[in-house]
Amino acid sequence: MDSLAASDGVLRPAAPTAPPLLKVAELRRSFGAVRAVDGLDLEVEAGSITGMIGPNGCGKTTAVNCITGFDRGCSGSVELQGRSIARRQPEEIARGGVMRTFQAIRVFDGFSVLENAAMGRQCFDGLRLQHPILRTPRFRQVERETRARAEALLETVGLGAKKGELAGSLSYGQKKLLALAGILMSEPKIVILDEPVAGVNPTMVHEIAELLRRLNAAGTTFLIIEHNIEFVMALSDRVVVMDRGRRLASGTPAEIQQDERVLEAYLGGGDGGL
Amino acid sequence: QEAVQIGVSAPLTGPVAHGGEHEMRGIRLAVEEINAKGGVLGKPIALTVEDNQCNPSVSVTVANKLIEDGVVAIIGAQCSSAVLAAMPVVQKAGVPLVSGIATSPSITEKAGIGGNPWVFRLNPSDRELAVADVNYLASLGSVKRVAIVAESTDYGRGGAEAFAKAAEAKGIEVVSTDFHPLGAADFTTILTRLGRSGAQAIALYQAPADRANFVRQKEALGVKAALTGKLNFAGEAHEKLLADGAFDQAVTAFPYAPEVDTPANKAFVAKLVAKYGETSQYESFAGYEEVYVLAAAIERAGTPDRAAVRAALTKTSYASMLGGTITFDDHDQAHNKAVISRVDGSKVTVVDVFSTN
Amino acid sequence: MPPAMRSPKGLLLLLLAVLALAYPFASSSGYHLNVLTNALFFTVLAMSLNVIYGYAGLLSFAQVGFWGVGGYVGALTVTRLGGSVWDGMLAAGAVALLLAIAISAVSLRLSNHAFVIVSIAFTLLLQLLAQEWIDVTNGPMGIPGLPAPEIVLGPLYFAFDDRTSQYFLALAFAAATLAAIGLVLSSRVGRTLRMLKHDETLARSLGVRTTRWKVFAAGFAAVVAAMAGALYVFYLSIVDPTIFDVYYTQLMLVIVIVGGLGSFWPMIAAGFVLVVLPEVLRTSDEVRMIYYGVVLIAGVLFFPRGFAGLLAARRRRHSSGGRLGQPGSI
Amino acid sequence: MDSEAVIETAGLVVGYGGPPIVRGAAVTVRRGTMVTFVGPNGAGKSTLLRGLAGLSAAYAGSILYNGTQIAATSALERHAMGIVFVPQGRCNFGRMSVEENLEIAAHGIARAERRAARAYVFGLFPVLEERLQTMAGNLSGGEQQLLEMAMVLQTRPQCLLVDEPSLGLSPKMQADIFGKLGGLRDAGMTIIVVEQNVRAALAVSDDAAVLVNGEIVMQGPAPEVAGDPGIRRAYLGH
Amino acid sequence: MDPVFLGQLLLNGIVIGLIYGLIATGLTLQFGILHIVNFAHGEVLMVAMYAMAALLPLFGGDFFVAFAVLVVLASAVSLLAARGLLAALATGGDGGGIFEKSLLLTLGVSIVLVNGVQQLFTSNPQMATTSFGYGAFALGEIRLTYAHALASVVAVVTFGALFWFLLRTNAGRALRAVAQNREAALMIGLDPTRVARRAVAVSLVLSAVAGAVLVPIIVFQPTVGQTLLLKAFAVVVIGGMGNIGGAVAVALGLGVLESLVGGFADIVWQNAVAFVAMIAVLAMRPQGLFAAAIRKG
């Protein structure tokens, strides 16, 4: 069944010097009779953009929840740079450099857009408790940097004019963009995006792609789950296809687009609006 | 014409509000009577009433407010902890406090000689009542084993301890002592146990509502044991229970009973019934006598000066409606008479009015 | 010009300080001072609830528990261990901190509703303990006759044993604690706590150690409440189990909600209004509690978002933006 | 095709209590047609739909529904008249099972017809039948989207307003859903769609409008809008 | 061990548990489902008790007639009260936080009711005499008073009805739906306000029913409701917020636990054990005993 997945691992030239940044093996999670993730193997190379596609309900989001610690009922191994992060608390995993967005958008409704963006960085700016309380010079310095970066990012995603407004009053797509900006505020090792451009205007999708490419060039690794095939194919170095909780195929975008099984299981009728 | 200001601190809201309400009836009645006869020092008495919610900190606030308002003296507080909290306040300000209901022994310990000379207590302590109760119980000869049920407050604990001690002295065995939280509504469990413990009597130290629940459930569960301890039969619920025979064979020593057959008491009861449609309760009686004792002291002092009134209070000699004469001892504690009653069927008989000391 | 006077807010603050300091000299009423002193204590207590509820979003009925524990630990430190009142306050803070950490360990994973129940159960357990552990707490009678706080500095001696000095002591305590809380909450720490309240999952995904922050909020709030409780019992000169009364919880909650969850100055204003209000209503004797209830109901009807909401609404009218709620709601 | 207008607005201004968001929209939707609104994020597309559905206040302007003025009616009244709105993002009863969600949504359907209605939506979205006892909040994003469509389509509304029906759906399902919407339109339903999946949506629509900054900048037959080079470049991502 | 004693304790416990559950039913709808905190819940019971006590003499102490009249009266009053409550909660939009607003509002109502009733009826403990008198069933040596038996039966019937209502009727489903997602309710044409109003009215009637059946059991005074409040809230939360089966199970467990503690140890420790048990149970099942969690990601 998963011969391609298995042989794929064998065929690939081993890179002994650089183990994958994120390595997931035999990941499982079931809910009653539903085996949402059913022995998933996944590797994300450092510095890559890896796309992940698959039909609705095939277990993509569940897998992300397992990797990032939000789902406590998973089994299997999850390694970041060779070290296990399975069963760690989500905030520790985030601090370790694995950050994710949520498919069902989450922003802090009662905070301003700028604050929302700034919050993405506050656990990573190296300040300790006393700095903000005593408003030390170091704190002011960091605040200035955070603000500058937040403003720049908001500008890029088209929210520059909205920075003073409450995040709760944004439109759906704007919230999505805000969540994305927030997660990009710090410099995580790997960013996992769960449908970052669903509901985003096509023109903006191009700009997001540009932004991600730029950040990737600067060293950030991405794992992107998306149903926008064009976006995934254009951006990814490798694409992993999931089906029924496991890996159905993986390869370069070109390879995937030729794969019969993928066309049948996912894209539907071989075209799927490509 | 200026009035003589008397302050009242009473629990008018909160868990023991009914006590405060009845105390106010007695207080108001006494003040009306005195004013009708020309008041004290030729001036009417004016009451300033404040709600202390039976809460010590509110009690302090109230005491301060009353003192501020220029009262000559303060009556009440009713709850022991409220009295205890107000004591240092009145001492500092030099205002007499007359308390007729709070039972905590530490009030007496702290009052009078070597302590706080501004606090006076009229009611007998539960210890004295318990001794009288047990003595009478022993004299009946039929009760050898008793169980104690008391609320877990200073009132309940103090009463239970006093009763146990008195029982021991008389060779009556205490088979069990149960404390329950104030406001407990269900006693079926305790009653189940007591019903099987062989106790011939159950001594109660409970707030009226809890006692009524207890007695009603005891009756329904068919637990056969006479009731004793600190009981009274006033108030609608208890009157009904009494009428239904739920208190049959009960014996109690209590600071007051409306059945006491003195002219003064009969008149007092009649007045209250006329005014409120309800017979007098202990708190009304206490409120009434608090006012009279205080008014007499002001009259004797000849001036509404607080220190003079305090001095006059120490020399109190007041003829209580129960028949005794109230005087204060070194600790400013009066030893009023108390009442032993028993119930046969639904009929309350005052067996004895005895002096406490 | 001193910096405090440069902004209108600073000026207001200065005015307030002058008023607070001058008040005892302007009025000779011990009763009024007593009410004001109470207002100081309850404002601090309410502010401690604001830390954990208004900011971190955990409705804790344990605050009154800590307040009571503070009272008892303070009293026992003085009566049993022979410490000074200040030792009592420190001990109160320390014990409360330990208790807060312990209770946090069990309760912080709970849903918000479950947390409420646990915090109530915790307080009621403490009350039971105060009531029933008679050997230590003296049971329902409480521990009366607590000494007044005093300062002994070599030959210098000062006792806070009259209304005015006690008022100043309470004022100093309130100013210090409120300033500390204000400093912490107005900084990024306050924002972090509010993140927990708004969306804990999102906060965790951004790396916020939510458990640690909740413990921080619980501990901070507990220490403040306990120290206030300790000072309060020396002010009253008695501690007894009614210090755990729901009355205090209700008062705190009402202050925090009327002030506006997570607000600072409006909450302080609410603290004063709501402590003074029942006293003002005393003129009407038995029905005063009914008036009080009616005032609460009217409060909800006319200021549904508390004092803070009132201010915010006024500010909004002058600027645009900000989110307005959707019409109607269940 | 019938050319009578089902919805006709003039000078419609909609907002959330603050400044107006949609300013002076004039929209005409003919019976049995499908109209798609496109535009950048935050343009006011959802706000316009909410205004039509009665969920956001119309500050000014008129909304005619089958010729009757409905600008002042409530969302529930409009629902009763047959205007049904599916909001953007998640909108179901998360703590109830899929079955209960479908059942409750069928409250307006006569008891005798419920079984048929159920069979109909299972035919549209078979996956729901497999997940019948799962709590809606636990479904995957795409499954929830399908559930919401199913809840609403059960009742065969006269006039359907959908905000981003393809959100979170796999390419296969996207094609499927637009196909189904087209089918419903062909069966006589009037449909107004807001979409970011512009190409797929315009392919099945009769008419289209481009909304920018709260104002309609272009309006016309779908192919015409899709073909306008300026619009394509600026808002359709080409 | 003495089986009669144990049997009596268990029976007492079950009955107490059922009564706790009955007191909690109104809250299950208000708090468990609609998330409206009702601090005046105990006062609603209290007022119902006074009303029942006032009605009883009019019907010669016949409990059932008075009960029927009370339910009719309560329904009328509840509809009005529900309308008023929801209207008050709707002031200022939902920005004020429905939870906080309801807390403050019902606290105010509670204060007004306690003190108002005290003004009208004094705070004397009241006892109503009913046709049950002090009668009891005797099962061998085990006794069950008529009043307790009645309360138990009413409790069981109420739970059954509520269970059926919430899970099997469209109105019950609509209620849960509206509380979960107002916007989705509008999407499918449910009127959230009307549904909520009906639910609050029903919950108030349930509270009145609970108050009425307590009349033959406990003596009451204006503050009686406050002592009943905590355990009712605990039952609702630990049972899993709106889960009727859970609430019943927790109530029964609590009743039996308390009864056993009271029977074999000191009754003072009943509450202590109950509180510790609550904390322990919640520490193990953070969402409550019978609530399922929804995925976060």
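Worth pointing out:
Labels for the chains are A, B, C, D and E, by order of writing; each one numbers its residues from 1.
FYI, a residue touches a chain if its C-beta (ideal position, glycine included) is under 8 Å from a C-beta of that chain, and two chains touch if they have at least 3 such contacts.
Just so it is clear, the structure is predicted and the values come from calculations on it, not from any experiment.
Under the contact definition, chain A and chain E share the contacting chains C, D. The greatest centre-to-centre distance from chain A, using averaged C-alpha positions, is reached by B. With each centre defined as the average position of its C-alpha atoms, the distance from chain B to chain C rounds to 37 Å.
Chain centres here are Cα means. That of chain D falls 43 Å from that of chain E. Each chain gets one centre point, the mean of its Cα atoms, and the points for chain A and chain B are 74 Å apart. Distance from the chain C centre to the chain E centre is 32 Å, each centre being the mean of its Cα atoms.
Counting partner chains per residue, chain C has residues 132, 201, 286, 289, 321-327 touching two or more of them. Among the residues of chain E, those touching two or more other chains are numbered 114-115, 268, 271, 295-297. Shared interface positions of chain B, i.e. residues touching 2 or more other chains, are given as 13, 152, 179. Touching chain A in their complex are the following residues of chain C: 183-184, 187-189, 191-192, 194-195, 198-199, 201-211, 321-323.
Of all residues in chain D, those touching chain A in their complex are 16, 39-43, 45-47, 88-90, 127, 131, 134, 138-143, 146, 163-164, 167-176, 196-200, 234-238. Note for the complex: chain A touches chain D at residues 31, 34, 53-58, 60-62, 103-105, 158, 162, 169-174, 176-177, 195, 198-206, 227, 229, 266-269, 271-274. Those residues of chain A lying in contact with chain C across their complex are 68, 70, 89-92, 94-95, 99-102, 106-111, 115, 119-120, 122-124, 129, 132-133, 135, 164-166, 168-169, 182-183, 186.
Per the touch definition, chain C reaches chain E in the complex via residues 106-107, 109-111, 113-114, 116-118, 120-122, 124-125, 128, 132, 201, 246, 250, 253-254, 257-258, 261, 286-287, 289-290, 292-297, 299-306, 309, 324-330.
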